[in-house]
Amino acid sequence: MTESTQLPKPLRGIIPPMITPLCDRDTLDIPGLERLVEHILGGQVQGLFILGTTGEGPSLGYRLRCELIDRVCEQVASRVPVLVGITDTAFTESVNLAHHATDAGASAVVLSAPYYSPAAQPELMEYLANITAELPLPLFLYNMPSHTKVNFSLELLRGAMDLPGIVGLKDSSCNMIYFHRALRMIRRHRPEWSVLVGPEELLAEAVLLGADGGVNGGANLCPQLYVELFHAAAAHDVDRVIQLHEQVMELAENLYHVGQHGSAVIKGLKCALSCLGVCDDFMAEPFRRFRALDREKIQTALRRMDFIGQKPMVGPEAR
Amino acid sequence: MTESTQLPKPLRGIIPPMITPLCDRDTLDIPGLERLVEHILGGQVQGLFILGTTGEGPSLGYRLRCELIDRVCEQVASRVPVLVGITDTAFTESVNLAHHATDAGASAVVLSAPYYSPAAQPELMEYLANITAELPLPLFLYNMPSHTKVNFSLELLRGAMDLPGIVGLKDSSCNMIYFHRALRMIRRHRPEWSVLVGPEELLAEAVLLGADGGVNGGANLCPQLYVELFHAAAAHDVDRVIQLHEQVMELAENLYHVGQHGSAVIKGLKCALSCLGVCDDFMAEPFRRFRALDREKIQTALRRMDFIGQKPMVGPEAR
Amino acid sequence: MTESTQLPKPLRGIIPPMITPLCDRDTLDIPGLERLVEHILGGQVQGLFILGTTGEGPSLGYRLRCELIDRVCEQVASRVPVLVGITDTAFTESVNLAHHATDAGASAVVLSAPYYSPAAQPELMEYLANITAELPLPLFLYNMPSHTKVNFSLELLRGAMDLPGIVGLKDSSCNMIYFHRALRMIRRHRPEWSVLVGPEELLAEAVLLGADGGVNGGANLCPQLYVELFHAAAAHDVDRVIQLHEQVMELAENLYHVGQHGSAVIKGLKCALSCLGVCDDFMAEPFRRFRALDREKIQTALRRMDFIGQKPMVGPEAR
Amino acid sequence: MTESTQLPKPLRGIIPPMITPLCDRDTLDIPGLERLVEHILGGQVQGLFILGTTGEGPSLGYRLRCELIDRVCEQVASRVPVLVGITDTAFTESVNLAHHATDAGASAVVLSAPYYSPAAQPELMEYLANITAELPLPLFLYNMPSHTKVNFSLELLRGAMDLPGIVGLKDSSCNMIYFHRALRMIRRHRPEWSVLVGPEELLAEAVLLGADGGVNGGANLCPQLYVELFHAAAAHDVDRVIQLHEQVMELAENLYHVGQHGSAVIKGLKCALSCLGVCDDFMAEPFRRFRALDREKIQTALRRMDFIGQKPMVGPEAR
């Protein structure tokens, strides 16, 4: 067990949602995982989020989730806070994962709505009240309606501010009106909460207008791009923001639309990391890695994008 | 371990989706469970389906799910086939549950689409191909798009007909055009599949027009009503069907719309069973049992509905 | 001006939603229209509904809509009631159309929710109260949420029962649970209302379980099939119902899924009528008639389906 | 007939979507209309958009729409370009309105997807090709999927770039990822197009990251707030942008959430303009003005918000 890092309040900056390197559906790619963690931490990120949507958390068996928590916490060794996704349809499994994360030395847990039977807002409020009472670690709320079918409404957020242990909101709704409204409410009532945005295409505007940072999938690949964009936006350097936002959009355009389905983003990221030699691109069901044709497109895109970042996108160990 | 019952092909009749009697979120109400199983089997049903949506399957921890499988299989003791819901976001956990169900003596498993990251149809087809290769028991496909966000398209069903081990379709889409189209396709290509309808309000028409039966929540409460309706519809006795369909609608109107949210159906069922003394009505998060006011409405409705069935709704032990 | 037909209460049977024969986007195919009206009336239908969804009502200019109303009312000459769709986003245009329909001798109007800005249920209730006060003809409510984005909720229907002039409900929601619940409520409080189902795949079960009939697109093509199915279902002759329902499903399978988009049903119908020599298949924007390849598929399907009906599908004038 | 203003390419700045002052459902509030136009133009806006969603365009009869076009064009008298909404379900009515707008001296028309029968993307592309060939004025595409059920996909936009007469895109999807992707594509291929954002809560970020301006409902009330925000964002003055964005959010929070339904935004705007003495707040069906209680809330909010803008919110003529 590692001692957990002190969590800054608010946590600010880029906290990449790490993809999970796999050899097959129940086996971690351990050397790939080690390379990936170092690659990401090398980008000066301010935290690491595992077992989220990008990390295929819900697609992984519990044994493997626990192994991943252990390995990542050990390797990170308190260099940055580790946040662990515990979203589940079963209350008891979420709590079990939270305890495992505590023992492993994680700094916080991240929780979205239970995602099978859609709960109404009052039900969700009771759920949050019940589960915050059981959690041994600080909690980030994770608004992800495209996957959970349920929104954390502003009224629910207002109620959640009176619950103990919550330290922030990660919003992946892609709805910036919601985001601005939530941000204003949180700043007024819980200024110590961290307000983070999920989709990287929205990082620039979120931080320019006051957010604390982003949980952006592309930071698996080139963490320094998002870290730089965060700093430029926090410094109100709009010219630089536009330049970096353009690179973020270019990367997304090139890598996230090769696949035909909703899974295209994670598939593109994993494939790119595999092409760069960082880790295996095996995906747990219901998805699977790109076949040769799509992989070739990712390869071509990576060659075309050597403009991204002043530094090489990944260190020598990955070449 | 119990010897599993031979599964008729096709399985025809009423296979109630059993609610899960709980004392609290991780504890079965064991005496209630025993009464409930006997109560349901007393209605001459043709099978028992556990750990479905009505059974709050995805809201229960894995330890409890396994305990439930064991206890139900043991108590049923091959009087009827036991079907076990194994739908999960994690492939490995579905397979684990299926093996547990096999060891316990269940007759079949029931699987819907993984319900966190929505899979496209070709991805879902691969998922089915992969998982049918790993399953030790016959499989019912369970179409439940309101909860999984993903439909089993007709094209996917056509493809699934070439996979081994599938024995039927349970459709809870509430879309009778889909149902009729699926039924025609299955009758042509896989006449031995069982085609079952979920919502009890649709049982009459489904069976009149050729379906094999229903997986209807209300059969927890008064199984003989649905069994009679099934037989009347299978016998093309429209006058009797209309009479019983009217009772089914009356029961639904009275018990399933007391709550305000999507959870109203299961809450109403559990509350009614509790009022009748069959079992506890505790619900796992994200839901909770009705409070006093709603419980009183259910009580009143139950008194008003003593017309249902010629026999008492539940046996003497529940009064 | 023609004297309007007395409207039976309730109106029972098949009331085909007539497609609108066009030569181009603002010109009726007048000989085709005359043949089509006779072809449909030849099938012993109980009414004729023009300017509905199948009739491309909202896609047609107002001048043309008025011309169509005039011509159809004149030709039908009170042989059956003519129902006129007046759904519009603008209250005043709906009322204008209703007055035109009255002057032309129509028997009733059909109204769905205004379909641009989605109204909430209390707003919709006020809308209905306001417009029923202005309408000179009996009104059928038309529930069509896929196109209007707004459902006529059961609570709204209950309120609408106290408004003057409403004589029925046409439900095209494809949701048979809603349908059964609405039917029960209407039978109890407004037994003189006519309850009709839109999708022809649902005609059999709707009438078997008590509905008054159908407004089914396929009745443009072979009205007698739907009329026979209606009579068989009303007579509780399940064996005959299954036989005819099978033909309805076969027709839908063959003709309504040739196109790739939501427009496939109307395109298939218009193309089939054109292949059979009844009328032109021009479609108003945003749609357009099938090109040669899809037309060939419709031709082939029509040849394959000569089993439908004992009588030739269309009379000698159309060959 | 007025000579139309030359339309700048691209049109940049704030183009308020004017509400339509009404005395009743078919009568303009003419003095109110005159005050409103002057009030808005007094805010140094760069154009005026009538008959959009905020203008209740689709809820108004055609006679009234034409009267409004005439009166507004005459009063504006080429001080700024007038843009006229012509979105309709009937192709011919859209074209009729466009000709009327041309004759009245409007500068451009604005068109969304036909909004009754949802068209697929290839159908929508053909629709655009057909209608651009018939339009006598430059065209802005208006992406409004919440009301039309249909998105202008990026692929469709790419195709539309080869059609004649299109000069810009107004996006009200509330989806900033879509917005950034569309903006990049347009900048590359049609730099002369104007790219405008609808929701005012998104104006700051849209312009900071390169958009040409906004079509923001709140500019009916205090046009100078949005004009200032536009200029601050265009000048990359982030501190000032944050200050003004905060005022925009405050106004929205106070005025747009008094009503319970989707209509709350327009109702709030019209009510506020009525409270300030600018014009009547009658609304066409399916909506209706706020009743006394909600009006009182708007009054209170207006008193609380006297901080907005250095100048009085409306000039002396409105008091």
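Letters are used for the chains, namely A, B, C and D, taken in the order the chains are written, and counting of residues starts over at 1 for each.
Please note the rule applied: contacts are C-beta pairs under 8 Å (C-beta built on N, C-alpha and C of every residue); 3 or more make two chains touch, one makes a residue touch a chain.
Just so it is clear, the model here is predicted, and its values are computed rather than measured.
A.B. asks: Show me the overlap between the contact partners of chain B and those of chain C.
C.D. replies: Expected: no chain.
A.B. asks: With centres defined as the mean C-alpha position, give me the chain A-chain D separation in Å.
C.D. replies: The answer is 37 Å.
A.B. asks: Give, as an integer number of Å, the spacing between the C-alpha centres of chain C and chain A.
C.D. replies: Between these chains, centre-to-centre, one finds 51 Å.
A.B. asks: Considering only which chains touch which, how would you classify the arrangement: line, ring, star, complete or other?
C.D. replies: ring
A.B. asks: Which bits of chain D are touching chain A when the two form their complex?
C.D. replies: Spelled out, the residues of chain D in touch with chain A are 174-177, 180-181, 184, 199, 201-202, 204-205, 208-210, 236, 238-239, 241-242, 245-246, 249, 253.
A.B. asks: Mind listing the chain A positions that touch chain B in their complex?
C.D. replies: 25-26, 53, 56, 58-62, 64, 89-93, 96, 113-120, 122-124, 126-127, 130-131, 147, 149, 260-263, 284-288
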